[in-house]
Structures are given as C-alpha cells and as structure tokens.
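Shared between the two complexes below is subunit A, which pairs with subunit B and subunit C, respectively.
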Partner chain A sequence: MTRLTQYFDMRPRDALGALILVLLTMGLPLVIANDYHVNVLVLVFLYAGMASAWNILGGMAGQFSLGHTAFFGTGAYTSTLLYNFAGVSPWIGMVAGGLLSMVFAVIIAYPAFRMRGVFFAMATLAFGEAIRILLIYSRKHVDMPYGLSINWEPAFGNMIFEERSSYALLAGVFLLIVTLTAYGLSRSHAGIYLRAIRDSEEAAVAAGIPMRRYKMIALLISAFFTSAGGTLLAQYVLYIEPTTVFSMAYSVDLPLMALLGGIGTVAGPILGAFIALPLRDVLLDLFGSGAAGLHLVVYGVLLMVIVIVLPSGLIGGARSLLSWLTRRTAARKSEDT
Partner chain B sequence: MQLALQLLLSGILLGGVYALAALGLNLIFGVAKIVNFAHGEFMMLGMYAGFWLMTLTGINPYWGSPLIAVAFFVVGAAFYWGVMRFTIYSTELTQVFATLGMSIALQNLALVMFSADYRTIQTMPDGRSSIDFGFVHLSSDRVIAFLFAIAIFVGVILFLRRTFTGRAIEAVSQDLMAARLMGINTQKIFLITFGLGIGITGVAGAVLVPSFYAFPSVGTFFVLIAFVVVVLGGLGSVTGTMIGGLSLGLIESYVGYFSPDLKEATHFILLILLLAVRPQGILGVKGAEKESLK
Partner chain C sequence: MLDIRNVTKRFGGLTAVDDVTLSVEKGQILGLIGPNGAGKTTLFNVIAGTFPATEGEVQFKGERIDGKRADETCVMGLARTFQIPHVFTSMTVGETIMIGAFLRQRSIPLVRKKAEGVALAVGLADRFDTPTASLTTAERKRLEVARALATEPDMILLDEVMAGLNPTEVNRMLELVSDLRDGGVTVLFVEHNLSAVMKICDRIAVLDHGAKIADGLPREVMDMPAVVEAYLGAPATPADGGSADAAS
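Presenting the complex of A and B:
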C-alpha cells in the first residue's frame, strides 16, 4: 500500500495532466460524432500509446530503438493468426503476442545492449527488417496467404465493434494504461535508475545500478505494449500483411512522436502523437491535391526543422521559454530596485 | 567446380558494388561522426540521375558519371550547409532525426517527381549484356560497376593520403579538436566530406541503375546494405569498407544460390550475430567515435 501511494504521490501539475488525459481519452470518443474525426482519434490514441511505450525504452532509458516494428508486427500477427486459424479471442491473442514480443526482445537484447546510441539504433533496425523477411520466407512453407483479413463479426470477445467510437474508447483505455505505467515507472526507483543509465552508463554502473536488468525491464515493458498496440490496430483495420505491419514506418514514427513532444517525459509522446498525426492529415489536405507524397515532403522538411530548432521537443522548448521568462522578469525586478 | 567459380566471381562483383554503395556513408561517419540515415535516398537520386541522363540525352551513366559526381558533390555540400551544419555538435538523436527527416522528404520527392514506377536502363546493345569467359558468364554492367568501385576506392585513398585537403580530412577524423588547433577550417572540411560522400553515393547509384531497378523507396534497401557493409568492415575505414562489401557479396552469392528467399535475411542476421560475437572487435562500439580513416 505504501508502495502504491508512493507511485501515485502526484504533484499538482501531474494530477492536472492526468485529469486532462482522462477527459480526452474517455470524453472525446463520446463527443465526436464525425466518422472521419473518430478515425483520427483512434489512430492518435493508439500511436500515442505506442509512442509512450517506445519512450519507456528510448526516452527514459535512452536506448534508441529503431526496430519497434518487430514488436508491433508480432502483436498484429500473433493475435490475427490465433483468431483466424484457432478461433482464439484477440484479447488472449493480444497477451500471447505481447509475451512472444518479450521473447523476441530478450533475443535482440543480448547483442543490442552491448551497443550504444546510433549503433543500438542500427542493430534494432536490422532486427526489425530481419523479422519481416523471415516471416515472408516462412509464409511460403506453411501456405499462409500474403495478406490476412479478419471477418467482420462484431462481438466483445472478438474485439470487433459496430461503432467506431467503441474502438476510440478501447484505444483510449490502452493509452491510459501505458501512460499510467510510464508515469509509475518514472516516479519509481526504476525510473531513476533508467535516467541514470541514460545519462551515463559508467556512472550508473559505478553507483551499483544493475544496468542490464533495468535496461531489460524497460525493453520488456516497451515491447509488450507496442505489441498490444499492434493487436489493437489489426483488430481495427481488420487486414494485415507483412510489408504493412512490419513496415519501418512504425519504427520511425513512434520515436518521432516522442521526440516531437519531448523525449523522456511522460507527456511528451502523447503530445507528439496528438500533433504529428493530425499535422500529417492537415498537410494531406493542403498538399494532397497535388501529387501523391507531396505532403510527406513537407512533413520531412518540417521534421528536420523541428529537430534542429527544438531538439528537446515541445515540452523542452516550453520549459526553456518559461525559465527564460522567469529569468528576464527577475532581472527586470533587480534593475528596478 | 565451375559453379563454385561462377558464384565466387559474381560474389566479388556484387561485393564491389556493395562496397561502393557504402563508401559515402562510411566516409561521412568517419569524419563527421554522423550516421546518415538519408544515405539510401541520395543513392536513389543517383540512380534516377543516371536513368534520366540516359533517357533524355542518350548519354549512358558511365560516361556521364563525372557530371553526376559534380552535381551530387554540390547536393551533398548543400545538405551539410543547409541542414547538418546545425546538428554537428548536437546529440546523436538530433542527427538521426535530421537525416531521417531528409530521408522521408527525398523519398516522397522522388515519388512526386518520378512516380512509383520501377525503372531501369539498358546500356549494352543486345548480345553484349554479358561477358563470356568460356567457363563463367558475367554481366557487363556489373563488371563496369565493379571497375568503377575499384577506381573510386583507389582515388579516395590517394586523395586522403596524398593531397593536402585529404590529409586535413584525415586529421579531422582522428581528432577534431587537435585539427582545429592546427588551424584547419573544420567547417570547410565537413562541407567537403559531405560533398565527397554524397558525390560518391550519387555515382554509385548512377552506375548501378543498369543492374538494379530504381524506385522511390529503393534507398531503404541500400542503406541497410550499407550499414551491414560498414559494420562488417569497420566504421570509418575505407579499406574496411571494401573488405566488408566483398564479404557480404560473397556470402550473398553463396546463400542466394542455395536459398534465394533467405538472401536478404542473411544480411541482418549476419549483422546481429557479428555484433553479438564481436561487439568491440569489428565494430568497436566504445571507441567508434575515436575510429579514424585508415
């Protein structure tokens, strides 16, 4: 019990943030009626959840993974295969996929955790690609069709719903659970250890932190939730194929959102997803009438600019703006006296 | 026996091509310590440059390569001056995402300008597309690309060893601070390195378009190949790049013969295994930032 209160010993601004998030995730699906907007909402919630999951490993622990598509795709495939060929409910499939992703995570951790920074990124990127190629390869030997569709049979047990807003609620709950985990982690000892590892591995080890164990914990949590996100998205789209669910786009998009909002913070990835996805839609509206892909050219350029101008994301930018303002007011005051 | 020889020679040719595809990446990494995730996209643009040059003017990419080299040198220098200059002292994260942003922009720019069609060109008249040595057959285009690779590697090594600028580049790659104290204009060196790296990458793309299809997302394939080559051969090492390329080409040639579907997976599994078995040896993670051009 003391442990729990310790976890939820929130600062006022955290409590405010939590309130806003609960209102957003639980309120918006009920308020918004437009089908298109609900669709955006589902995707934003799912991406926000997965970006938060990525952020546990990439932001808090500083292990910059570019291979999360492996976990995402594993989640999507495990639940879909179990559902289509064995009739297992996706709810169970989601957990099974998450566990399988954790197994993969342990396998990749062995070589990858020996590396740092950009080398870790390259190794995880290669891992994500290898999984996709192996899947396409093994498919031929088991007579699995290239794409898998899930029959639309709405039922709670099938994790298929009549209304889009139900999906939005489900995605909202997912986001809340991931956020709660991330918040709990960041406020716990483990979170402090992870930040220490991120800031200096040598210092962390010298201080007696069991580095590999804590990196592994971050990776396992991150893999599990990313995988769950894969199941949820597969149940929403009802169609998967190797090139789309094991696409490098997920590996890039999740860290991108975390970075945009503020890497390593709990709110950052959520903020990033709430901005990046609609931004892409807005750009599509603005430039979509031109040639296909033009909006992504603008998106790429914007990304470069944002990364250079605000390397610590919107939250980091807001923080430095705030501290600059306080310093300036303080300086003004001392001038006046 | 004959088969083994055929596989050996095809592997060497392919390896040379892979080495050429990775050289620009490794050069930029060695000097500026930046892993350019947009590397594959510059290669893709080089392929299109070769394609359009041939299609529009009839000049084949081999003769047109000096022109492409100059054009891509300018592109690379502009990339440095316009974007990477601001990230050179930033965190790795910023660098990764600045180059990833470039990669997204360029890939989609190619989609807008050239559509998603697969394109290739035929440089050799019918009947001369392969060279017959009696016991083995080799694709003429691959042989020419391989010769280009050798020439460019020799050129780069001579440039780095024999010219003043080349030695300055090497100095910057070994110790940035010391190079500055010796009065080397490091901004200029970075600019030249990016120009050189992207210039080579552009030529690599152009001479490969007769034997590989060009399409907007082809860069993803080549950037991963380049990573594998660079990690195999050693980060920041020019000769290592050649060795890494040849090893990968040979492995792919033999694996590809026995199990064509697994060819691509081999690259990545190889990369991961290599990192697992000899993380500090070949890759030199800990000292990687101190690795210099050899």
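Presenting the complex of A and C:
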C-alpha cells in the first residue's frame, strides 16, 4: 500500500494549528457555562465552518461567489421540509440537502464558470436572489406556511438537544471536518492546482490542468458544506423562513470573514469568524442603545479599515510582520559582527 | 510528429492563416518566422488549441488535435509557452514548475525532485524558492519553458521566447533550446529574432500575409527572393525610382 502522506505536504507548524483548533472546538463547549457565551460559540463555529467552505471556492480557487446563500438555504429547507412533512431525520436531511445543493451547483456552474471575476460574482449573486424569490413565489401554488417551525423534541436522531453545549460540540465537529477537508485540499496537488487556476487560467490550462473539473470540485465541496451548515443552523434555531435563510447576508458574511482572516488560507476564514461575530455583538452592546443600526456602521467602518490596512487579511498581516521581524533581527546581527 | 494540413483561420473577413501545410519531424527544431502580422501567432494558437481552425486539420503523433482543449493536448505531450509570460503570482519558482510536473505524477516528494531537475536544466536552480513576482523578464521566460518542460512533453511550442531579452540572455536561451532538442524534445519555435533562428533551427518556415512562402534549410530560405521581399520589400525598379524623383 502506498503511504497516503506521500500525497500530502505537511508542515510541522500545521500540527500546532490542528491542536489549537481541536482544543477550541472540543474544549470550549465543555468549559464555558454561560448560556449567552455558548450561543455565540455555536454561531462562531457554524460561521467559521461555512466561511471555510466558501473559501474553498472563493479563496483557494479564486471564484468569488456571492451566491452561497442559495446553498445555505437549500440545506436549511431540505432538511426541515423532510423532517416536518416526512419525518426524515435531519442527519439524513443534511446529506440530502447537501446533494441537492450540489445539483444546483452544477446548474449554476454551467453558465457561471464561463465568466471571470466580477461577472462570476454577479452571476452567483443573481442565482442566490433568484432562488429566494422563486421560493416565495411558489407559495402561490404550493400550500406551505411562510415560516417553518421545528417542534422541540430533543433526541439525537432529531438533531435537537437539551443542552446548548451539545449544539456547540456539533458545530465544532462540523468546523473540524470542513477544516480538515480544506487542509487536505490545500496540501495536495488539488490545492496547488486551484491556486494555479486562481493566479492564471491560461497558464494553468497550458500546464495540463483540466480547469473546469477542478473548479467544479471546489464548487461541489463548497456547496455541500455550506448546505450542511444551513441544516445545522436550522436545527439550532428551529425556525426558518425564505427571507432569513436565503438572505443575502450569508452570501456577504462568508466572504467577508474569509477576507478579514486571510482569503485562500486554511486558518483565515476561521480567524475571521472568531473575530467578526463577537465584534458585532460587542459593538451592538456598546452602540445598540444609542441609535438603531449605529453598531453596523461602526462594524462596517472597522472592517473597511482592516481590509485597507491589511489587504491579505490578518493572517497575511501576521506573516509580513513575522518576516519583517526576522529580517530586522538578521540585520541587527550582521551590524553587531 | 506534428502535421499541419491545409489550415486556414479566418476572423470574420480577415484571413489570418491561409491554407498552410507544414510538418515537423521528430527531434527537429523548426523555426516559424515572418514579418509582423504574418499569422505566426495565429497558427501557433491553432496548434496549441487556443481556438479551432476554420478549415484544415492539425495532427499530433497521428491523432487530430485541432479543436481539442489546451490541457488535453498537453496530456498528449504537446506543451506551450506564452509570448508574454503568464506567471502564477502567488507561487515560488519551484511551485510553478511542480504544477507542470503534477501532470504525470501525484506524489509530492517525487514531483519536487522532478521540479528541481527541471529548474537545474533551465538555469533557475538558485531561484527555486524565489516568489515568481520578483523574477526578471529573462527569468520569467525561462520559467515559461520550465513549466512546459515539467509536463514531460514530446514536443514544445515556444512563442517568441527571445523577445525582450538582451544578447547575453538570448545566448543562454539558445543553449536551453538546443538542450531541449538534445534531450529528445521536438521544438516549434516562433521567433522574431532572425539571428537566433539561423543559429539553432534545423528547418525554417516563412509566413507572409498568412501564407507559407518558404520552407527549408535556414541558409536556403534566407536566400530566397520571396523571403527577402517579404522582409525588406521588393527592390525598386528604375522606373519606380524615376517617377518618385519626378514627383518630388
């Protein structure tokens, strides 16, 4: 048997990152007792997982999607409809939603992958919007309530839990799985192929890369996990409606978190989610009582400043700081001698 | 190795390549030359699969390749470079070469080893861990060749690899191209730099206004009146000269 590690390029420092992530995702849910904090933790884990999923397509492959709400909502709706009307366990519903999202991904890919950059972003944006509007419109013909509630019947098979910390653990596992997938991709030939496509499509094709296939792989993985995140969030909130689960906010938030942390890197989207969500909550606390929406203005300004100062995100900023420090110490040393 | 049969390429009303038939033998360096706008790059792009021919066909190792995608022809063993280097801006030299090498092999240690060998062959070994963004023009051109070479091609298409290089760099590139041939790679070489072409090509084909006007050994081709005319214009006849004088 050939060794699997032959196909992956692992760096020693990645082990440290993995350890930190496992401790965070598995440890924090057990340690934190405050209900409000656990709630933030669940959301941070879910968003971090979905931002990582977005990043596989938007960051690693450079296909800047603004339509991921389509996959998120498909995941939320598929599992909820199956559970409420057919009694299917959300665990199965999650997989079904993921597969349906992959089907949608193939449909959108056919026209959208012919476009590049802004045009790709616009095409995916339109797709996300179209799905929501279609869903709302379909209520004229299908007898379906506007919002769907899931009855609170805690059971593992129902993916409904008594304790909030169970949700945090579940979301943590989700984040771990997405991260492991992203990491495996990034350190294998597929990851370097995706980077090549992002950097120069012409040169990538000239080097023999079947570009469509690799873009499609990135899109399918990204769609599946974003959809799974939709199911998980629906099971946590236990209520969905078209305008919330197909909201453009998801399409914007996921890329935003990836950009904030460091687009195209494995750790970036996670870091972005860990900062962006609590930041928004803190700002709501500080400014929420003053004027409605003021916290969002401050949030937006802060994000703009970060993106302008650190165009390659916090990870990129940390990297340049590190290399600047090592160069400075090296220069000091050579001065001393 | 490569057979171009009656290839015509039209863009709307413009015939960029007009009924060209040309073949490249295994192990040869064929130089494709011609004045600006002669259709060299268009013909090159038809062979490389950038766009299909309007008429005619291109065969590589006995199989039709016109209309095939560039990545498919690359898998078959036909690699290309770009006139204006397309670099992977987020990568190092080593990673760029590895991209090419992944085509035949997925094991990372083996691919890295292969890439190091290619870097050595094109003279980029000391730049292996350098980001591509900080390369000079000459180095970028060598990297183009390296990326193509790493895919283990039987034939390589070089699009003006000498353009923008100084004489020393041109000489190093010439050595590299003849090394390619000595390593068993067939070369089709589109070039503006005539002295470079004369030095290393086994055969030269000349295009003018989309049509092939000459094909043969470098010395013979350069002496053909049609070729001289294409490059320098027809010699002025006494009658022409006289009327020009009268007009002024």
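Simple rule for what comes next: the second predicted complex is superposed on the first by the 330 of 337 C-alpha atoms of A that agree within 3 Å, B and C clash if a C-alpha of one lies under 4 Å from a C-alpha of the other, contacts with A are read in each partner's own complex, and residues count from 1 in each chain.
One rule holds for everything that comes next: contacts are C-beta pairs under 8 Å (C-beta built on N, C-alpha and C of every residue); 3 or more make two chains touch, one makes a residue touch a chain.
Since the structure is predicted, the reported quantities are computational estimates derived from the model, not experimental observations.
In the superposition on chain A, A:V245 contacts neither subunit B nor subunit C. Comparing subunit C and subunit B on the residues of subunit A they touch gives the larger count to B. By the touch criterion defined above, A:I308 reaches subunit B but does not reach subunit C. When the two complexes are overlaid on their common chain A, residue A:K140 makes contact with subunit B while staying clear of subunit C. In the superposition on chain A, contact of A:A126 is made with subunit B only, not with subunit C. Using the contact criterion defined above for the overlaid structures, shared-chain residue A:I56 touches neither subunit B nor subunit C, since it reaches no partner. In the overlay built on the shared chain, the residue A:M211 is in contact with subunit C alone; subunit B does not reach it. Looking at the shared chain after the overlay, A:A76 reaches neither subunit B nor subunit C. The part of subunit A that touches subunit C in the complex is made up of residues 2, 6-9, 188-189, 192-193, 195-196, 198-200, 202-211, 264. Residues of subunit C that touch subunit A in their complex: 48, 69-72, 74-75, 79-82, 86-91, 95, 98-100, 102-103, 106-109, 111, 147-148, 150-151. Those residues of subunit B that touch subunit A in the shared complex are 35, 83, 86-87, 90-98, 100-109, 111-113, 216, 220, 224, 227-228, 231, 261-262, 264-265, 267-269, 271-273, 275-276, 279, 283, 285, 288. Those residues of subunit A that touch subunit B in the shared complex are 64, 66, 108, 110-112, 114-119, 121-123, 125-127, 129-130, 133-134, 136-137, 140, 248, 252, 255-256, 259, 263, 290-294, 296-304, 307-308, 311.
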